[in-house]
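In what follows, subunit A forms one complex with subunit B and a second complex with subunit C.
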Partner chain A sequence: MTALLEVDNVTVEFSLRGGPVPGSPSRDRFAALEGVSLELAERETLGIVGESGSGKTTLVRAIVGMVPIQKGRIVWKGSDLSGTDPDSRRRIRKDMSMIFQNPLASLNPRMTIGQIIAEPCQVHEPHASRAEIRRRVAETMERVGLAPALVNRYPHEFSGGQCQRVGIARALIGRPKLIICDEPVAALDVSIRAQIVNLLKQLQDEFGISLIMISHDLSVIRHVSHRIMVMYLGHVMEMLPSGHLLQNSCHPYTRALIESVPIPDPSIQKAREMRTIKGELPSMRNPPSGCRFTTRCPIARDRCGDSRPALLEAGPGHWLACPYCDPPPGLKTG
Partner chain B sequence: MAVDGASLDIHPGEVLAVVGESGSGKSQTALAVTGLLARNGTPEGSILWEGREILGLPEHRLARLRSEEIAMIFQNPMTCLNPYLRISTQMIEGMTLNRKMTRTQARSACIEMLETVQIADAGNRIDMYPHEFSGGMLQRIMIAMSLLRRPRLLIADEPTTALDVTVQMQIVQLLEHIRRQYDTAIMLITHDLGLVASISDRISIMYNGQIMESGLAENVFSRPRHPYTRALLDAVPRIDQDEKILRGIAGDPPDPASRTPGCPFHSRCAYRMAPCVEHRPDTLGSREHAHACHLPDET
Partner chain C sequence: MISSRLQPESLPEPEPGRSLWQDARRRIRQNPVAMTSFLALVLIGAFAVLGPLLSDWSSEDINWNVLGNVETAGRPALGSGHYFGTDQLGRDLFVRTAHGVRVSLMVGIIGALIAIVVGTLYGTIAGYVGGRTDNIMMRTVDVIMSIPYMFVLIILLVIFGQSMILLFVGIGLVSWLDMARIVRGQTLSIKNREFVESAVVIGVPPALIILRHILPNLVGVVIVYATLLIPNMIIFESFISFLGLGIQEPNTSLGVLISEGASQMQYGVLWQLGFPLFFFIVIQFGFFFLGDGIRDALDPKDRH
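This part shows the complex of A and B:
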């Protein structure tokens, strides 16, 4: 399995006064992302979960080149993105597209649906004829469940679910290899979320796309992803196949997340022992030293604050950054 | 009650969840309860407060009821907080205004209430400004403020939607504690079925201003009768189950401006029959479990 995308030990820093400023002295900076690595295969869905401010959006913005990285490499099909010339970088970027959380706000209100969907095509394929583009727009609209007859309407005439379909059509029209979805359903009504989740899964099957899916909602992430990455304050805590999440995950933060997800069935939920995670999320600008979860971890010991625990392989495809938690129950030996 | 004949009732110490999507009229219903709607909308029917009709009460009587007996908390705590004033100023003001209390007494009551909602180091933090707190802490501070007046009814409109899951559970436990400790009735307005399952005693499922199904939480979740309730439960993934596909509900949430003579859900309902389009179904059942649908039972 060759990786489509490889994120290798990437660090992204921001100026404490706001904005990415690579040149500012280090005491004025903080790392929103520190030493993060991941691999993504073709046709794979990687889900990223973590509390607000854990660096999920920063990570995907670094991948698509929207924020500069201070350390590490981003490798696309074997070639280092930071090393390639602007032209090939642009070509690679055409292979990636993004879908955002707030469907209406991410669409230009003055453009028609057709113009919005066609835009990436016009940027990346300036030689495509108008007729060709029109055909592609109609075809893509149909694929995402929008009637092509709506092509001349404006975003404000659409519901939230329809706007998200427009966002998906726009992301899809350039036939990307990777679509990154940053909280694609958080702003939608419950009955619409399932429609969009199903559509994304179906398009992935059909076109063999890879997906990176960011969500606060662990139930959604588990449902759509092949693998799950758990982030906390800019570090990766655990990464494992989503089928193993309930049985084999063992990082105290992952376990706390799982226990916090309510089950929509009162006879089960009310009987569950809810051990809420104590304390507040520390500030990213002044994070705890060593393991970033120390201040809230139920099993923390003194040594946890000394140095950052390495992300080590705890089982097949299972990476874990805690030396003190119990090993995955599925893997216990003698 | 105000929203197109929707009726709700809630007892002391009870948590009633009003569940619905955007445009379902759930916040509208809450506003009607507090009589706020009276100025722009025109509520019909009746609102009984401890057995007495409050609809049509003179404004000053309603205002007193609102300020002394009913409190509201919102999704965004900043709708209730002034960003430029210290928490202490904002909390103490309300107390010294309404009750005969010295500032020192009020201050220590406020600190005590902040401790109840688990704000650590409340004695010092009470003098901080809103921006110095996290979203979850602000939510708890807002709850503390709303509790200072010891309301009989607390209306919580999407109180956890903007919060991380780990913090959501802290708020759930806090609400649970409040109803135990003070026998406060809580009306929880939300679309989050997980939250509903965590805390509510009874549920009302709303669609376009009307109640589709209501009853004890256990009844509605384990024996849902209305096609909308069932579809809603099928549309959410569960952490404890491996569902291969989620069944979304086709179509879009209701347009609040539209009114149909039939069942409000008919355009999206998989079981639609001719009467559904023309006649509003009657609500059948009891306080334990009731629903409004033309389908014969056991379908």
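This part shows the complex of A and C:
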């Protein structure tokens, strides 16, 4: 299985005076992402979880080329994205698309949804005829569950769920290989979430698309993803198959995330041993040395601050950046 | 797989959408102040264009029978054909007022057009490109703004003589500065909205992003500001003309007429001041209320 996308040891730094500036002195910079690697196969879904400020969005923005990377490389189907000329990069962009968190804000209020959905087509296939584009817009709308008769409507006439379907149609019309979903359901009603998530899964099966899904809703992530990556302050903490998340995850941060999910039954919720992490996310300007989770980690030792723990294989497909936590309970028994 | 099972001819008739413009039009129709202002401005525009046809006089003809006895013979009267009376030289004030309104409106609209074209272009580019370009462009605006333009314009008019062209150059120099600042600020906020980000991810070229995603979302602000700018430009021209440096005889503008009327006040010919002033004030209020109405119509959430 060759990887569709490979992110190799990528570091993204931002200047404190706004925007990523490669030349500014180091005290003015912080690393929003440091030494992050991942691989994504075709038809695979990778879920990324982490608190706000953990670098999830920066990672996907680096993948689509919206923020420059300082170190490492991003390889798309065997070709290094940072090395390719703008022309082939545009062709690669055709193969990637993105769905945004706020469905209404990601649609231009002055354009009809037909124009919005057609935009990737017009940019990437300038020779397509108007009738051809109109036909494909109608097809795609129907596929995501929107009536094609609505093409001339404007985004403000739609509900949040419908707007997100428009966003999905726009991401889908260019027949991409990879769709990146940045919190696709966070702004939606719970009742709509399942519809959108299931639609994404169906489309993945139908068109053989790979997905990168960012969310802080663990249940959504577990439902759609094949593998889950846990991030904290720009570092990868743990990466494991999603079926193993509840039983086999063992990084203290992952456990804390799982335990902080409330259970909608007061008696169980009260009886639970609350081991949620305390305190705020440390400042990016002055991150903790060594393992970045030390300041809030329940099992931190003195040595944790010395050097960054390597991401080591703890089981089949299970990578872990913590040498001290208990071995995965699932592995202990089995 | 999606196949071509859906043929174009089989598509159902698309339902019409309700654009933000249609919403705004509906809201402004329900705003009596704005509609009254609009109607008043339309009537004044019609008067400026068609008024001279209703009179036997032209704006340059002198009624020799009136000359020397303006106070009594030049009174506004329907019988004499001088509906608004005459000025101190015996020229028909009705036609001259129509002429002055025409010139003043032209000055205001040309000033606003320069502001729209130059200011919008300048502001969007500065805001969208950002960084050093933005800094250089906006500091240039600051420098031009810090020059006392009225003083410079008066010197220019004195040195090169009075001319319409120089007046338009002067108006053009100052009118776009505020517009450029406003547009730049708006561009900065629109640039960070998600739909622009999504266009960047799709790979839309920057020029097309400005044209398709930023400009249409700026139009509201630009229209409102331009509507409010027109009366400012009229005041600006009137002030220059009031000082005797703007429009030259026999050409006239509201500023010139008001200036002449004011100088004759003590001779009992108050109509010479009254009629031009009336049109001046109605135009001012008309544009201000219309601009306010457009702003409310475009942004109903912003109303206090």
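Following the convention adopted for this analysis, the second predicted complex is superposed on the first by the 327 of 334 C-alpha atoms of A that agree within 3 Å, B and C clash if a C-alpha of one lies under 4 Å from a C-alpha of the other, contacts with A are read in each partner's own complex, and residues count from 1 in each chain.
Please note the rule applied: a residue touches a chain if its C-beta (ideal position, glycine included) is under 8 Å from a C-beta of that chain, and two chains touch if they have at least 3 such contacts.
A quick note: this is a predicted structure, and the numbers were derived from the prediction, not measured.
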**Message:** In the superposed model built on subunit A, check whether subunit B and subunit C fit or clash.
**Reply:** fit
**Message:** Quick check on the superposed pair: does A:M66 touch subunit B, subunit C, both, or neither? Answer first, second, both or neither.
**Reply:** second
**Request:** Pick one for A:D87: touches subunit B only (first), subunit C only (second), both, or neither.
**Result:** neither
**Request:** Tell me which partner A:K270 touches in the superposition: subunit B (first), subunit C (second), both or neither.
**Result:** first
**Request:** Figure out whether A:D302 sits in contact with subunit B (first) or subunit C (second), or with both, or with neither.
**Result:** neither
**Asked** Does the superposition put A:V190 against subunit B (first), subunit C (second), both, or neither?
**Response** first
**Prompt:** Touching A:A149, do we find subunit B (first), subunit C (second), both, or neither?
**Reply:** second
**Fill in**
Shortest Cα gap between subunit B and subunit C in the overlay, whole Å, is 15
**Request:** Within their complex, state which residues of subunit A touch subunit C.
**Result:** 19, 64, 66, 90, 93-94, 96-98, 100-102, 105-112, 114, 119-120, 123-124, 131, 134-135, 138-140, 142-143, 147-154, 156-157, 167, 170, 206-207
**Item:** In the complex, subunit B residues that touch subunit A
**Value:** 21-22, 134-137, 164-166, 168-170, 172-173, 191-198, 200, 217-218, 221-222, 231-240, 243, 245-250, 252-253, 268
**subunit A-touching residues of subunit C, taken from the complex the two chains share** = 1-2, 4, 6-8, 11-20, 131, 193-195, 197-205, 208, 212-213, 216-217
**Message:** For a test of understanding, state which residues of subunit A touch subunit B in their complex under the given definition.
**Reply:** 51-52, 159-162, 189-198, 216-220, 222-223, 246, 256-258, 260-270, 274, 276-277, 280-281
